[in-house]
């Protein structure tokens, strides 16, 4: 039976990594949002599964949070923002998707290389989850680094948070404090980002960060 | 009984700022708001002073120990003086129309929220709670940095927000890893996240996991502490936000982040087979020191200049703690304190100067000592003090750092000394241009001497600390230095 | 308890400074400040003299200040007493001078608070007995003097001088800091008593010596660390220049002696002496050559400070060389010469700077090319300045000659040294010393001749009038001391013998007072002797005799008439010899080598009305090859790094990202 | 009695120098004239000049200061004292220990210092020329002289002249290379210091190459007399210095009977005469050099002196 549990956890966590790679692959904003929703959905499933096999019921809450907020609310909200800002649909990728995929693969390898020997102490599920979580985090970072667009930057950040949640869920018996903090931080993050996007809307014509880079601090002095 | 009083004080430390924040949101009059701001800060300072004598014993969420208590007192002291300074500062901002009362309500509320978050961060006995508190502090400061809503301000806040939340994320990952390392030994649940418990059992943790955790924590909280190459948010956030916030950022928030790093360093030290955190911290410290030294020369904005000076000193402090040992640790703690006081004093002076001159451009500020003696000499004294010259406190810490380093690691002392000299030279170059020479620009009247009181207080404290440290404080530093190993 | 009194007096100086902050605005307060400083300095001077002459035992004191677990240690022994005497003598005379001169000060608010603080700082350095207190006072001294240099901050030159000064001071302090770090060891035994007893490996001791040379040399003005000195000393008000040049450099010398002779102590490697000796010789000659090229009177004097520091370090280097070979009798001679010259230089350099101050106050000019003929309006100042000039040019029977004579005698003992390097070095340094003495004479013929003699070159010089009586009193006090120290060197040598024996394992010079006619007899069995008193007597006798005889028996008629000048006297004072033209022969001989001096004459063709032009281009080798590259490098690096301020958020993120990946890779590969 | 006698000796020597100095100058002049096939003035002409100058009144330039009037006496006193400290016909005179060779050099320096100042005092261009060139020459001549002092003191173990002279009389000097170098250096320095050809021309005026004469151009009457006398004293000093160091034979030591003194005086006079002759020969046989080659001439002297000293430093340890 353990084998099955393990396989499913593995499947879900691995699925998240794959979806992160998919995020990297996207070059259109709406598609990016959809894929991100998928990402969060997978997260919800993974966390739920963890709750099941750890009999840690508070994790169901986490799963719920992930499902509701990250898979539904946030994508819709961002979708709204994008539409009402009317920002151009395509987002140019810095230096080609292909290179991103290569870098992503390398990062996944690095994550596994680092994590597997480290967590020899803990049980196999945690190891897998942690390795994949780290991979997701790194991929999210890569997404943030490689996009000019503010919205996709936010999405990269979110997928990174997803990775964190995955890790938290993977850690057996991690007290509720963490989930709360995660959800709470994500919430705050969303609000702030929303404010930001609107503020930016007031000041700039687009959410494209290049527009803001034009006013980088100190240059005018 | 005393325990009860202690708990009350502790509760006050958290409740007063939180309550004040809620109140201030709704308070229309900015005068009242400023007054309430000062009052709340004063109350929490008193509470922290009570904690100085009466310490409640720790529970799983909060605790007061040697290490954090003096930082808490320092924190509330500086927040008090800064709130006093900001009262005068804000009034002028209203006159000059850069801020509207609506934003002021927001500003004061955020100020108290920030104080609350920082107190919470210091008091937290739970690494998760610590993390939450620092996140909260970041968000509050982000909002305040952006408050002028100029393009530059927004962009600075945006930069700060993105880099800050990234750091926070990394720190969370590190926290989770620490829990993972603790969980097999200490079982699941809250104790596995409590400082005191962790310290007791740290020797048995999986060293490899701890190492990984420390890397994430160092990068995460190091971003908040503005260590090069994670520093990018710091200069702009200092330069674009209101000056009181710059003072709080440099004087306090950096300390909070460093405090977190040190906590985890203690954890690493407790585990014999984990990698020594020293070299990493020394490396980051040196890079910050040298980098900042190079950046002074070309700075045109006075606040950005001193923001880089904060980076430099964070580098020195990190270096000192990285070296470890009783002398270096003592020096690091002393330097933390002195830097908070001096740097916030400098920012007070800079705030007034920028308001008087109506600009932050160094190229348009000359001969301050002639036109505005109080501000000019205040700035000179502050810079001389921060540059590590007697009779000011920083001299003692730099004396200890350099001399103790040279006997242990001569090859580390050379870049350190080179960096110090470089920073000294480039910073003083700027100071000479600002404070001396033929005066330029507006000869507008300086602020009333009374508003310079916070600056004078800080400088006086630093001066006294230069040649005399009170006994209790010394024993304190020594105990903490021993704790830090 | 004299020590506690000394300390409280120094503290009193600080209080005076604080009080002056509030008082600076009001008139007459400058008199008050300087008066109190004068009184305190005189008391300190008296106490130091008593301690030195009574050869009292060292007194120590610990205050609960400074490093908390260590406390602030203070100690008064023969060495510090001698230097206290030097410092407070200079301080007293400068304060006396300032009683009059201070009233010409345009910005008293920037001078009065820092002047007493500066004095206090110097006194504290001499009394400090642990590393922290020493450096604390040392840096405080630098800081207060920096503030005094910045007093007239509106001239950009002064600001630059102050900046360079402060940076060099920081450099020196850091070097000393490292040195003390070595001496104190990892346990951090910072008090001098511990350091004295601590054992050091030769390698570390050598490293410490080099660091101390850098630290104290940068303050004393050893070449190549002297660049700040000729800029900073003249920038300050003249009485402060006198203090900085005449006294503060001596405090630096004290630092060197204290650390190298007292704290490092035995054993001394022989090459230490060679190093210091060579540096001293180079410093002496380069200093005077720089001075010869100057037209600014104060800067000329500052460069002469560099020269005299070189002479002092020659003595110290010889002492080290002798101590390295356990030749303590000879070491005693060298040390005596060095300390004697310390005293002498503080006397005549203060005198000269104060005289320059009087000239500055009377004419508002420092540039010699715009002075001249001042001997007529201000004869007394001229006389005092002349005595100072003769003394610094090492002319008998004045004091400069006595100490340089002793230095020569010490050099004449070097053939006893076993090491070949020293054998070759010593006579070469002797030649350098002789050269610098001769050049100094030339330089002061120029300084005095162009400034005071001839005809006024500017209206300001023509309308000058004699300075006030406070200043004159100060000037003649110093002049008298110069003469006394010159004709009674034996007494001085005996006076500073306790300090010498303290540093020299008990060995000292033979007692001089027992000699007939107070003759100076450095080494008993070597029969070289000098007697300033007799020389003075002879000269006075023969001169007076000649005068009396001639006026008695030959004519004593005098007729005034225009100058003869071979028949075509030039009416225009501008046709006189100027400082530049006076220095031209020497510039041709030495300057073309050292400074790559190039002369360029543009002579318009006949019939062309334009004036002919004569230009001299000189390069400062030390600056061009030592400092300019460093500054250029710093600026270049700053410009390169400056881009990092303007990256995009994405780039900053990738910085963090890169750091993370790098560390993770490290982790992965580490195991 | 003996002390009295010694003091008489000292005084006698000083007077003797004073009397001999003009004679030496006259002697050199006459010889030069003879060598140039001129009749030339009589030996006593310098005395007549001095007396004449002494009787004349002083003509002071308007811009002359008190220094200008004091300087001649100072210069004369310094040089006379210096000369008096050089053993002439008798070594170890009672006051010879009051100043050694270094002090003598320095005393000459004092005289030069004030002479140069006097040259600058009136504020004429000629005075300036003279002063600046004199100091340039001195800045090289003095070190050379001191190198000579080193050499001697290394040999004799002292810098005191009469002791050196006594040492030179003893056998253990031997022939040394460094002594020869020192002799050469001393001669060159002497030529430069006494403003003789080829460095300077004592007999010239109104020439842009003059050094010494340019400085004293404004002097007249008794002042000029004193300066002239000082100049001839200086020449005498250098000759007797050469004599007592390199040809010390015939020199008596104090406290002997009269015949010895007579012998000593005779030997001394002989040395002076010979020295004068050689000087005259040299001066007539060579042409004056350009002012800006003087420095090479003197740095050669300096190098010779340094070389001599170094050789000794090294040979001492062999």
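The chains carry the letters A, B, C and D, assigned in the order they are written, with residues numbered from 1 in each.
In the analysis below, contacts are C-beta pairs under 8 Å (C-beta built on N, C-alpha and C of every residue); 3 or more make two chains touch, one makes a residue touch a chain.
Note that this is a predicted model, so its numbers are computed, not measured.
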item: Partner chains that chain A and chain B have in common; value: C
item: Of all other chains, the one whose Cα centre sits farthest from chain B; value: D
item: Inter-chain pair with the most contacting C-beta pairs; value: C-D
item: Approximate Å spacing (C-alpha centroids) for the pair chain A, chain C; value: 69
item: For chain B paired with chain C, centre-to-centre distance based on mean C-alpha positions, whole Å; value: 44
item: For chain A paired with chain D, centre-to-centre distance based on mean C-alpha positions, whole Å; value: 100
item: Between chain D and chain B, distance of the C-alpha-averaged centres to the nearest whole Å; value: 78
item: Chain A: positions in contact with at least two other chains; value: 114, 117, 141, 144, 212, 216-218
item: Residue numbers of chain D (touch at least two other chains); value: none
item: Residues of chain C whose C-beta touches two or more other chains; value: 645, 647, 649, 653, 656, 660, 664, 667, 671
item: In contact (per the touch rule at the top): chain pairs; value: A-B, A-C, B-C, C-D
item: In the complex with chain C, residue positions of chain A that touch it; value: 94, 107, 110, 113-114, 117, 138, 141-142, 144-148, 209-210, 212-213, 216-219
item: Residues of chain C touching chain D in the complex; value: 372-373, 375-376, 379, 382, 386, 390, 393-396, 401, 405, 408-409, 411-412, 414-415, 418, 420, 423-424, 426-428, 430-431, 434-435, 437-439, 441-442, 444-446, 448-450, 453-455, 517, 519, 526-531, 534-535, 538-540, 542-543, 546-547, 550, 554-566, 569-570, 573, 575-577, 581-586, 588-589
item: For the chain A and chain B complex, residues of the former touching the latter; value: 114-115, 117-122, 126, 130, 133-134, 137, 141, 144, 153, 157, 160-161, 163-164, 167-168, 171-175, 177-178, 181-182, 184-185, 188-189, 192, 196, 199-200, 203, 212, 215-218, 220-221
item: Chain C residues touching chain A - in the complex, by the definition given at the top; value: 645-650, 653-654, 656-657, 660-661, 664-665, 667-668, 671
item: Residue numbers on chain B that touch chain C, as the complex places them; value: 158-159, 162-163, 166-167, 170, 208, 211-212, 215-216, 219, 223, 229-230, 232-233, 235, 275, 280, 291, 294-298, 327, 367, 369-370, 384, 387, 389-391, 395-396, 399-400, 402-408, 413, 417, 420-422, 424-426, 428-429, 432, 436-438, 467-469, 471, 474, 478
